[in-house]
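Each of the next two complexes has chain A plus one more chain, namely chain B in the first and chain C in the second.
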Partner chain A sequence: MNRVLDRAFTFFRVALAEMVAYRAEMLIWVLSATMPLVMLAIWDAAVADGPVRGWGQVEVTRYFAVNLVVRHLTAAWVIWELNHLIRTGGLSTWLLRPIHPGWWSITETLAAWPMRLVILAPLVLGLILWRPELIFWPELANLFAFPLSVLLALWLMWSVQASFALLAFWIDQSMGFFSAWVALWGLLSGYLIPNALLPLSLGEAARWSPFYATLGAPVELLLGEAPIATTLLLQLAWSMLSFLLLGVLWRRGLRRYGASGA
Partner chain B sequence: MGLMQYRANFLLQFGVGLSSAVGVLLPMVFVWQTNPVIGGFTLREAMLVSAFFLLLGGILGTVVEPNLGATVDAVRTGTFDHILLKPVDAQLLCSVRQVDPSRLWEVVTGVLVGGWALAGLPPPTPAQILAATLMFGSGMAAMYGLWVVVISLSFWFVRVDNLRFLLGAVVDTGRWPVTIYRGWLRTTVTVLVPVALVTSYPAMALLGRLELQAALGAVAVGLGALLVSRGVWRAALRHYSSASS
Partner chain C sequence: MAGAPPAVVVEGLSKTYQVAEKAPGVWGSIRSFWSRKSRDVHAVRDVSFSIAAGERVGFLGPNGAGKTTTLKMLAGLLHPSAGELRVLGHRPYDREADYLSRITLVMGQKQQLLWDLAPIETFELNRAIYAIDRGDYRRRLDELVEMLKLGPLLDRPVRNLSLGERMKCELCAALLHSPQVLFLDEPTIGLDVTMQEQVRRFIFECNHRDGATVLLTSHYMLDIAALTPRLLIIDQGRIRHDGSLESLTREVAPERRVSVAAVDPRLAELGFQEHQGRMIRTVPAEDTNLLLSRVLALNPLWEVGVEAPPVEEVIARVFRSEADPRVEARDRG
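Up next is the complex of A and B:
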């Protein structure tokens, strides 16, 4: 056990050093994903004439401030790297190592957190200065459920992305399918439109979708708008399901993998 | 036309184009459903903005982005020398070398959405159509200039991929009517990355809401961007140390 922890710690240190080394790139990545701020501007204008379904300007600001943070804590980019590795054959090097390549990717994803939080802090602070009413105190139970929900969302996001990347074993240009997922995700996850503001039945139905489990779920949990147990269970179910799918794709894909040296 | 050879992939790209159009239009429908007039735009009027946004995305994706990528690669690998050796202006050659026809789908949707939006609005006068064309042209000139500057940066900093992502993210804000934005966000999308000139301004011209002052400003930004980008490009060329010398 001790040795495992030791290795995990070393992995994390190396990944963290890499994040710090590429800090300028990280800054640009974070700034490229500030869509929640744009959506905040849109919804702020939409509810300017009066609250919609109980959502006023304060609620909108609060929602998208949390949305921004969750978006970055659940960000994965394994699809780009894995897809590239499979198509160029670079995966072979990774397969030779004594440790499953997935571990490195997971460590790397988690190691981005400190850097992202440092870059996000001034953005969130700016929002608070702009509209101090957005500060709120979540219930203790929600506060404890939130990190768990974020981790589950990240797990789901990571395994969905990895699954799409593995399609590269069979299809040359597999990224196209991912674009379709992203388009649906933007609509149903709560990223662009809070589920409460979607057309009513659609918003309700979307709350059961994997899209919602990757973003809307943790956001609404912290805001106290989602039932804790049901939401966490739903996220757990989707995470395990996609992880199983990932495992099947990985085993079948490796058998097809035909890069030099494999 | 290399992409046409891979028919299955072409069909896939077609589907991707469709999903990206849906991804632009549906959020707009859902947002306007909660309030009929946002930032002074009704849904139909806002759809006019997104029609221009789809046109912009289609043109950028078909002509500008592929060439940008090819040029950045050429600078990194040193094959840029081949371009310089040809007797045609290098900037022109770099701008028209490659075309990605799969993104033309967005141009088609843009035209369809624009037609649908205009059908339910009072018909624009010839002067308004002229103004809208002029706005779209100036805006495109400004966007093209910006892309040339990004290419030029790759002569100094080899890796500009991330910069392209950032630019893409800012361009994405152009799908909403500019009147919604306030403060620094508005300055960003009209002056810094003038995407509003391509999307909102032509729509406002067609709706008869564009003030002369703003229109003249847009033309000035377009011309200015062309001149500045030409200057940056030439400075970049002087800085380029080829792979062979």
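Up next is the complex of A and C:
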């Protein structure tokens, strides 16, 4: 147990040092991923004359404020790193160590949280000053379910990206497939359009998709717009499925690994 | 070491890659969409050898000979296409944590150091990964820092270190866990002569002090000559020689170069030729003593030198003599 804790603590400390070293880059990443604020401006104007399906300016503002925070808490970049490592042979240095390389990548992802939150805080504060009615008190059950939902969403986001990255074991242009995922994700995750404002049948279908499980689910859960048990179960099911898929791709991919250039 | 099991056992090891082929140009790219072609590249073919615990072995061969592929299979990075291999009793490609904790592979062109942090952070990370006791880690780090003279480098970001400084830090990171087997792939590549010498001395000390088994590839013949009493020469995926440098020299370059620091017509009568102010003649090794006695009979005060061909020349001859057209024809087939 001590060994596990020591590893976890050391990994987090070193990963945090890395994030601090990349602070300028991190600032740019966070500020460039503020699409929820752009969508807030658009939807705010769209509902200015009256609520759409019950969504007024307060609901829209709350939704995109939480969306912004969740988007950053569930952000991962493993696809770019892992894809590069496989294609250049850099994965070798990790495969030589007696630990799964995924642990380091997950730790790096979590270590970005403090930096992201520090950068996000003024943005959220600005939103509150602009529209104080944004502040709300979720139900206690929703409040407790929210961190779990965020962690599941983060795992799903990370594992989906890692799965796409692992395709590099077989094909050169694996990133192209991920672009298709991103396009669907933008539409169906709730990132650009709240699920409730999609065409009704599409919105209903999207609610069961992995896209929704990565973002819309935790957002709506905190806002009390989604049933707790069903939402968590849905996320858990997609997370387990992605875990299995990731395991198969990893094992089979390693057999094909050429360690090129290494 | 008599009776101790070998550290490395390789039997009939082969590795074949499938490489996609595409005709050049736009039309080639378009055609490759519906008719993908690939060919087999036999990187390693039916290679067998064993290495005793604590032995230092040089692994030589021209580019593309199969050295690095063999090292990668031994380190567990690649799955072999055929054959058996055992290192410290483990099948490397199973990548068991216990196995990975007992070996290291240093690749001159790849780095494990975290680029934007000081080397000490990577060392700390490896301490946690290899579960090294803090006291042991401190002692080992002090030893390595002393041997490699890393003191002033520990707190500087890796990106600000020179290539040689980075290589020394790489060695430190790779050896913190006191591995029993060191696979070293071009550890001195790109380093200046002084740095090469430091790294060589360090590798020797690791072997001498810790009894670590060393398998080393290098394009620098000095690395091989200075470090490894035994040579494995691989070419076109096959082992061509397994033995000492001396036995190889006897086998492929059995002549000696006799040079006399004088220009004298009587030496020309003995078959010597003038070259840059000296008289030189190359003779079979067994005739050297006879020639020397004749030369010294002419003038016992002459300065006479006898040299075996340089290591580079010996190795180059091995590769030239082994370019077997039958093997190439079979590859193409």
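We take it that the second predicted complex is superposed on the first by the 259 of 262 C-alpha atoms of A that agree within 3 Å, B and C clash if a C-alpha of one lies under 4 Å from a C-alpha of the other, contacts with A are read in each partner's own complex, and residues count from 1 in each chain.
Here is the rule we go by: a contact is a pair of C-beta atoms (placed from the backbone, for glycine too) under 8 Å apart; a residue touches a chain by one contact, two chains touch by 3 or more.
Quick caveat, the model's predicted, so the values are computed rather than measured.
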First, second, both or neither for A:52, with chain B first and chain C second: first
Partner chain in contact with A:21 - chain B first, chain C second, else both or neither: second
Which superposed partner A:199 touches (first chain B, second chain C, both, neither): first
Touched partner set for A:79, first chain B, second chain C, both or neither: neither
Touched partner set for A:99, first chain B, second chain C, both or neither: second
Which of chain B and chain C A:41 touches, first, second, both or neither: first
Which of chain B and chain C A:10 touches, first, second, both or neither: second
If touched residues of chain A are counted for chain B and for chain C, the larger one: B
Chain A-touching residues of chain B, taken from the complex the two chains share: 6, 9, 12-13, 15-16, 19-20, 22-23, 26-27, 30-35, 38-39, 162-163, 165-166, 168-169, 172-173, 176, 180-182, 185
Complex contact set, residues of chain A against chain C: 3, 6-7, 10-11, 13-14, 17-18, 21-22, 89-90, 92-99, 254-255, 257-259, 261-262
Chain B-touching residues of chain A, taken from the complex the two chains share: 25, 28-29, 31-35, 37-38, 41-43, 45-47, 49, 52-53, 172-173, 176-177, 179-180, 182-184, 186-187, 192-193, 197-199
List of chain C residues in touch with chain A within their complex: 17, 68, 72, 75-79, 95, 97-101, 103-105, 107, 109-112, 114, 116-117, 121, 124-131, 157
